[in-house]
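After this come two complexes, each holding chain A, first together with chain B and then together with chain C.
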Partner chain A sequence: MAFEIKNPGLATTVQDQGRTGYYNVGIPQSGSMDQYSAELGNGLVGNRPGDAVLECTYLGPVLVTDAEAVIAITGAPVEVKVNGEAKPQWTRLHLAAGDELSFGVIQGGTRYYIAVQGGIDVPEVLGSRSTYTLGGIGGLNGRKLEAGDLVPVGSARGDLPSVETLPESFRPSFAKEQSVRIVLGLYDHRLTDAGKDNLLNGEWKVTPVADRMGLRYSGPGVEWKEREQPFGAGSDPSNIVDAGYAVGSIQIPGGTQPIILHRDAVSGGGYAMVATVISADMDLVARAAPGTVTTFVAVSQDEAIVARKERAEQKSKAWESLGAKP
Partner chain B sequence: MTTPSTALSSNSVRSEARYTWGGDEFLFVEVDESMSLAANFKVMSIARKLADAELSGVVDICPANASLLVRFNPDILPPSTLESTVRKIELELRNHDEQSLETRIIEVPVWYDDPFTAEVAQRFREGFHQEPGGTDLDYAAKVNGLKDAAEFIRRHHEQPWLVSMVGFVAGLPFLFQLVERDKQLQVPKYLSPRTDTPKLTVGHGGCFAAIYSVRGAGGYQMFGVAAAPIYDPAQSLADFKDFMVFFRPGDIVKFKPVTEDEYNAIQAQVEDGSYRYRQVPVTFDAGRALSDPQAYNQELMEALNGI
Partner chain C sequence: MGTIVSPLPGIFYRKPGPGKPPFANEGDTIEVGQTLGIVEIMKQFTEIQSDVAGVLESFEVAEGDMVNPGDPIVVVREG
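The block that comes next holds the complex of A and B.
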């Protein structure tokens, strides 16, 4: 079976949990930006956590299914419509052949997910179905969806879970304020004390320059220590000899606007990174819409690992609440 | 004969690397703050030995110019175990410095001063470039104290380059020329990055050359276009049979200037699927490259004549 794309929306791509092992040649992990929402969508329709979904950005697609389908819409709050009739999110929906799925205006956040029983069944590339548009690999022909595309859907491989709606308490919030935990490090020693103070005590706002590669923030800026630049590093004090970029790392080109690299990160470059968002908070960052007021809270690596475990436990409990197993 | 103190400037790397963390999933090992062949060689050696150790929980090993990024899964591999493993490798290398690398030398045809990069450069002058009235090549010649663009081009392809890092975007090589530090070509990046760069642009920023594997944003000065693909997701050409990315860290590249006609002939071969890079396996000896680069480069490049 397949979904026929009548209107592709702004930037709709096939994503899963992403590919690792190729960052050393510049191929980023990709995968759903908000992993939690994508994964629980899969949970609602009886899939495995790693099955592929459609990631919709602000404006979702209009699509028609050519066969019966079981779907769930998770992630950012948005009006969901089946043949024009409003339907709930975070709930299993049954579509009949010929039904049309469409969306209203997004009410917060940036991305929502269409999970379908059987998963989106495009071929795996380097171990993943995720689309990396810049490199033209994965997903449907390595690109975002276009009108007229037929998106293949796989066959159901298991039973649907007993519960059809994810309880409110397990749904993420899409607030206009965020507190994001970071571990200082990498090149934070290159910041002045005042610069570090601005990073941790300043208020930063997500700018419209935000995509799957990274999010740019405006705010008070930071100061770099003056120095004689090392050979090959470039002339600005925020420059380093081109190095690998950690996913989630924060770079501040010229000291003005921090950029958090996300799942389609460029794998390296010549800007000093000063901290890294902890793995447990990467979904949170992915949910930030332009204008979201953000504070960065420094934690230790040990605390980051505790938070990582808590997130995994929280996710397990969410799966259990559906009567499903991840 | 060049004396060791001036050869490629730094035969010595900072004695101990700096270890720092990128959150809970990344270890960053800064071998040196400055770029040098010695630093890059040490990075590659650590990366290779870490890969050989097959440590469970290591996700990605990314050697860069003078540093190494390792992604790991802390649920499987505690950060302290990873750090002590890499530190042990570093210590072993201090005692038994690896000097040779089994690699290959590849001839990369380039159409210098081409119309594609010229057209894009024209669109990004005022506010982007240091000398909006001139060309990237003229500017590069000037800041390097060379007579003209032709002289810069000659210096660019005369001596070979080492792929010191692959990344930024899929398959993009950073290249470091195998010459003494005082002979390195250095050019500042654009004042502000362009939103467009032609595919296969041969660019330059700082002391590094790069070949843009895909079209997109970029801040490097633009000198020409490579005639054949370096990234082929469809894997249609023979050189991409095993993997869609052509370059690997440690590859040695000899740029070869080609005319418009030669460029078009290569394009035709790419189209019909028959194009192959001229390349030959070589053993790269860092010690010799450091002590007498010109003579050693000559020997490396002669390997290409034998095929």
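The block that comes next holds the complex of A and C.
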């Protein structure tokens, strides 16, 4: 079976848990930006956590299913319509052959997910179905969806879970204010005290320059310590000799607008990384729409590891609430 | 009155490009499906089209301003 794409939306792509293991050769992990929402969508339709879904950014697609399908729409709040009739999110929906799925105006956040029983069944590339559009690999022909595409859907491999709606308490919030936890380093020592103070106590706002590669923030800017730039580094004090970037690392080119690298980011370059967003908060960052007011809170690496464990436990509980196992 | 809202966030432009005339002006007669402006986000330009017919009453957003999903962009006097 397949979904026929009538209108692709702004940037609808196939994503899963990502393509790890190739960042050292410049291939980013990709995968659903909001992993939690994508994964629980899979939970609602009886899939495995790693099955592929459709990630919809701001403007969703209009699609028609050519056979019966069991779907769930999770992630950012949006009006879901089946044949024009409003349907709930975070709930299993049953489509008949010929039914049309479409969306209203997004009410907050950035991305919502279409999970379907059986998963989106495009070929795996380097162990993942995720689309990396810049590299042209994965997903449907390595690109975002276009009108006329037939998106293949796999066959169901298990039973549907006993519960058909994810309880409210397990759904993420899509607020216009965020507090994002970061671990300082490797290059925070290059900031002046005033620069570090601005980073940690200033208010930063997500600009419209935000996509799967990274998010740019406007705010008070930061100051760098004066130094004679080493051989191989650019002339600006925010430059370093080229180095590998961590996923979630924060650069501040020119000291003005911080950039958080996300799942389709470049793997290295010549900007000093002043801090890295902890893995437990990367989904949160992915939900930040332009205009979201953000503060950065420094935590230790130990605290980051505890937060990661708590997040995994929370996700397990969400699966259990459905009567399913991740 | 019909209000045309932006379905997505981004930067609003009334013109298809620098130095080009605006898609539409106040007082113009507007048809259903006519492009009234564009919103830029993620290096993509999305056309904002009218879903009503009538006379363009006012722009609610200035050239180059940021819009959020659901923000009114244009008011059209229907008829």
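Here, the second predicted complex is superposed on the first by the 326 of 326 C-alpha atoms of A that agree within 3 Å, B and C clash if a C-alpha of one lies under 4 Å from a C-alpha of the other, contacts with A are read in each partner's own complex, and residues count from 1 in each chain.
Keep this in mind: a contact is a pair of C-beta atoms (placed from the backbone, for glycine too) under 8 Å apart; a residue touches a chain by one contact, two chains touch by 3 or more.
This is a predicted model, so every value here is computed, not measured.
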item: Partner chain in contact with A:Gly127 - chain B first, chain C second, else both or neither; value: neither
item: Between chain B and chain C, more extensive residue contact with chain A; value: B
item: Chain B versus chain C as contact partner of A:Gly323, first or second or both or neither; value: neither
item: Touching partner for A:Val105 - first (chain B), second (chain C), both, neither; value: second
item: Chain B versus chain C as contact partner of A:Ile137, first or second or both or neither; value: first
item: Partner chain A, residues of chain B touching it in the complex; value: 9, 20-26, 28, 30, 32-36, 59-69, 71, 74-75, 79, 165-172, 174, 181, 188-189, 205-208, 213-214, 216, 231, 233, 244-245, 247-249
item: Chain B partner contacts - residues on chain A that touch it in the complex; value: 20-27, 125, 132, 134-137, 142, 182-183, 185-186, 230-235, 239-249, 266-270, 273, 276-279, 301, 304-305, 308, 312
item: Partner chain A, residues of chain C touching it in the complex; value: 5, 7-11, 40-44, 46, 66, 68-70
item: For the chain A and chain C complex, residues of the former touching the latter; value: 10-11, 57-59, 105-107, 208, 210-211, 289-291
